Amino acid sequence: MTLHVYLSGEIHTDWREQITTGAQDLGVIFTGPVTDHGASDDCGVAILGAEDNKFWHDRKGALINAIRTRKGIEEADVVVVRFGTEYKQWNAAFDAGYAAALGKSLIILHGREHDHPLKEVDAAANAVARTPQEVVQILRYVIDGTLPG
Amino acid sequence: MTLHVYLSGEIHTDWREQITTGAQDLGVIFTGPVTDHGASDDCGVAILGAEDNKFWHDRKGALINAIRTRKGIEEADVVVVRFGTEYKQWNAAFDAGYAAALGKSLIILHGREHDHPLKEVDAAANAVARTPQEVVQILRYVIDGTLPG
Amino acid sequence: MTLHVYLSGEIHTDWREQITTGAQDLGVIFTGPVTDHGASDDCGVAILGAEDNKFWHDRKGALINAIRTRKGIEEADVVVVRFGTEYKQWNAAFDAGYAAALGKSLIILHGREHDHPLKEVDAAANAVARTPQEVVQILRYVIDGTLPG
Amino acid sequence: MTLHVYLSGEIHTDWREQITTGAQDLGVIFTGPVTDHGASDDCGVAILGAEDNKFWHDRKGALINAIRTRKGIEEADVVVVRFGTEYKQWNAAFDAGYAAALGKSLIILHGREHDHPLKEVDAAANAVARTPQEVVQILRYVIDGTLPG
Amino acid sequence: MTLHVYLSGEIHTDWREQITTGAQDLGVIFTGPVTDHGASDDCGVAILGAEDNKFWHDRKGALINAIRTRKGIEEADVVVVRFGTEYKQWNAAFDAGYAAALGKSLIILHGREHDHPLKEVDAAANAVARTPQEVVQILRYVIDGTLPG
Amino acid sequence: MTLHVYLSGEIHTDWREQITTGAQDLGVIFTGPVTDHGASDDCGVAILGAEDNKFWHDRKGALINAIRTRKGIEEADVVVVRFGTEYKQWNAAFDAGYAAALGKSLIILHGREHDHPLKEVDAAANAVARTPQEVVQILRYVIDGTLPG
Amino acid sequence: MTLHVYLSGEIHTDWREQITTGAQDLGVIFTGPVTDHGASDDCGVAILGAEDNKFWHDRKGALINAIRTRKGIEEADVVVVRFGTEYKQWNAAFDAGYAAALGKSLIILHGREHDHPLKEVDAAANAVARTPQEVVQILRYVIDGTLPG
Amino acid sequence: MTLHVYLSGEIHTDWREQITTGAQDLGVIFTGPVTDHGASDDCGVAILGAEDNKFWHDRKGALINAIRTRKGIEEADVVVVRFGTEYKQWNAAFDAGYAAALGKSLIILHGREHDHPLKEVDAAANAVARTPQEVVQILRYVIDGTLPG
């Protein structure tokens, strides 16, 4: 069983690397957004030309990033969405809703301080994990039935 | 043409009333979540019994609220999502993603200060409105072709 | 908001009547299977002719009953599945799985003694209720936001 | 023609091994649930932390198992569901309903003593087999047209 | 429960009238093809202009008739397909396959002499009826649970 | 049978009125785009504020018009697309492709001089009509089986 | 571009071999039903046990054959349906309707004497071919743009 | 991440070669229509026999070309549609609408002089590019996050 996993959300810590490293023997195919914050913000104008208005500057970039996000989520069996401690992170919640509507399995990764504001997102998920290691353990169990310890 | 419109998001100001009042001659069928914050938080335990653990207290409520949200969004032609100035509002962004994946027309309603963090959500939308009146004007134009002024 | 609710499962107690009576002011459209056990078992041969082999006797009936079940579940917003204390009730669990795959909201109604064997079914549900009254309270809350008491 | 077959249901006898061994020359890709009963029951708390309440202990495990089940059934061409002589086996019937709603080909494997309570499930199936050998013979015929004997 | 029933197939006997008359108290909404053989054959050229080539004469008519057939089948809960004793009736079998792929409930109506050549069509059906009266009895039972006699 | 018909394409002649007038006894529900050229071009900036850049001026309007177009086409049984003698009319062809992908019945209305460049569009259609009267005749025949003359 | 082609219909002449041989350099993946008439008729009882009633004998076989047919058609890009000069061939027309409803490209292969009774089937097709060689030429053109001669 | 890209539209300049050459290190799988204008126009009659009427001559060809177009668009992650300076190009706009309805990511490639007539098409797109090089840059960024310069 080859699992396709999309890693959505926070891009300022190394949680993706922790998961892909921890799961490297499982044959999982991982995808995710472009995690270079500057490139992600500016890709639209860098390729298609500058905009005077920041609103359209952002729009051009977001639409190009959406090509990658859509492809990644639609091909995923599992979508992991990480909520960090900073920023609004509405794109992470948007991805979670998008994935839920497509019937994807969801794992939400966040600290307990966000339990209440994330309750609707968590309620659509198969698991709420607290650490990247827990995500790896879930993937390992799903793939080969092995539990930690 | 009878338009079904789901009003998602912020529940602490009267934006829903402004829209439904402003559009009252248009024959729109409006739906939305339960907007009594306390009832929305506690519906699960109030009906199905208390939980010691707040996490499951929240889960029981969120799953019951999801019955109404799913029905409302799936039957909607247009989903309006309002982001206010307070709270995390991840459920609003989740609804937007859910609606986008179902191919619903989206109108996002928010102030300019949220333009950048909402750029991915806005990029999936048919319109970004700044006031409830603009939402009413869009509905009016879509239904009968009349523009303001 | 007019809710369509399919009442699946156990046919030997009056739980359906308790729900439809309790919810009679809510404008819900209730559907369900034919609950006359004898008619349900024999409809195939009664209409299409006797079978020597009980297996095909059952098949003819089950296929006719499936016309009603499919129509009811596919048009439902919410599917309530009741597990009683007797019989195998595999058709109830089948309906639950069918409804889950179609993305219907599910309410499972059963006693605590069945919590463990029903854990996979419950995990696909929006609520696990213990009494018909709780089902009515959920429907009432979903429709008009009113909580009991 | 490479057939994907999901083997759902009873986990206490060696019926899966009989099928996979008997079909080993056919190039079938078999999947199925985790069949270690203890691991399957406890995976949720083993990975995500203990629960005081057995109901939520079960829920956490069932939701993680559902990741594997959903992936397996959605990618399957044929879902084989085995009903044994013990336990409630509602998860097996749930899987059958889920697969039926997705339009999967179904083979139900059970003894004659369950013909009547399984009549609705059998009526949704392409075949009702009595032994793992019959399942192998069906797969062989579907793949290369060869009949037994 | 309002059932939508499409009556497909043979157009040279009064079987449709027998069904609609027999079911007139059931509130069923019946649809079906244009049953005027000449109009059905010639509608394309009568409206859109003559064709020298009979092949395109037929094509123009068949494509216009398909508008009605598609609408009728897609809105139907149940598709009844009648095979008579004459003609090739490939359009009837085509309708049955079309309806089956859309997940519609099927009732096939034909004499025993066609059991063998119709076995694949019958296998996709919920019932094989021999007379219009049996079709009426099935509809009556599905709608209100009443059996004949 | 109530037919829903979306009238797409050219907005500078009275072809829509000819069809709706000619079909006024048929109970058809007609929808279509806003046909006030100026309003259609400027709706975005009129409601949501001016843009310096004509490209985004157009974008804001096109996205609002898309709410109406999507609703109309998705609810239609038949989409009629009119190609006139002037302008690029790419939005008409876009609507035709959109409708074709959704499996809608298509009627394309255009003069013979456009037969060759419209061959791919026509090949996806149920009928190629030359006059609004032919469209009315098709709708009449589809609804009640009556042919002209 | 790897094309998947399902070859449905008549099993008494060598048309399938003519196509697969003629197209052997094109990398097409061909599938089709079991073409051993006796095996196809008797597979159900040969594997699952004899039936006294020929109707159920046929049913058991048809349901097993449907596993292969469904898999083949659902994975196909193109479904070729051959109508020969003998037999009722309702299963061929059923396959054509099934494929049409799934949006598959259809090529119908038959002699001119069947043009009129096949007009509804042909109208759903991308091509009506008269010989297996024409089918090969279509596949060749679709894959690499080469025309005969 | 392997991206499937369909290149639709104008066939008289070398824009496809510029894109496939520029992207040759990205592992993209490109497809597109037959670009030999004469073959594309005449494929129907060349294979299936001449037609007296040019309308049906075109129809036969367009239906065969549609097999390739449908396959290409349905398997694509991204559909690039090029509008050139000549011809009606309604098939290009039709492809864009077809792709949009299937939820494909769209890149529209055209000069500024067509901004206004293409505004509805552009509004459904993820990017409006002016040169083949910009298309390559978008694909490169989507696949590996690299921006030009």
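We call the chains A, B, C, D, E, F, G and H, going by the order they appear; numbering starts again at 1 in every chain.
Following the convention adopted for this analysis, contacts are C-beta pairs under 8 Å (C-beta built on N, C-alpha and C of every residue); 3 or more make two chains touch, one makes a residue touch a chain.
Predicted model only: the values in this text are computed from it and were never measured.
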Steps needed, at minimum, to go from chain F to chain G via contacts: 2
Gap in Å, rounded to a whole number, between the CA centres of chain G and chain D: 31
Inter-centroid spacing, chain H versus chain E (mean Cα positions, whole Å): 40
Computed distance of Cα centres, chain E from chain A, in Å: 49
Computed distance of Cα centres, chain G from chain A, in Å: 44
Shared-contact residues (touching 2 or more other chains) in chain A: 63, 66, 103, 128
Pairs of chains, among all present, that meet the touch criterion: A-B, A-D, A-F, A-H, B-C, B-D, B-F, C-D, C-E, C-G, D-G, E-F, E-G, E-H, F-H, G-H
In the complex with chain B, residue positions of chain D that touch it: 51-53, 56
Touching residues (chain side chain B, partner chain A) in the complex: 54-55, 58-59, 61-63, 65-66, 69, 83, 87-102, 114-124, 128
Interface residues, chain E side, partner chain F - complex: 31, 34-36, 39, 42-44, 46-48, 60, 63-64, 66-68, 70-72
Partner chain G, residues of chain D touching it in the complex: 1, 3, 77-78, 103, 105, 125-130, 134, 137-138, 141-142, 145, 147-149
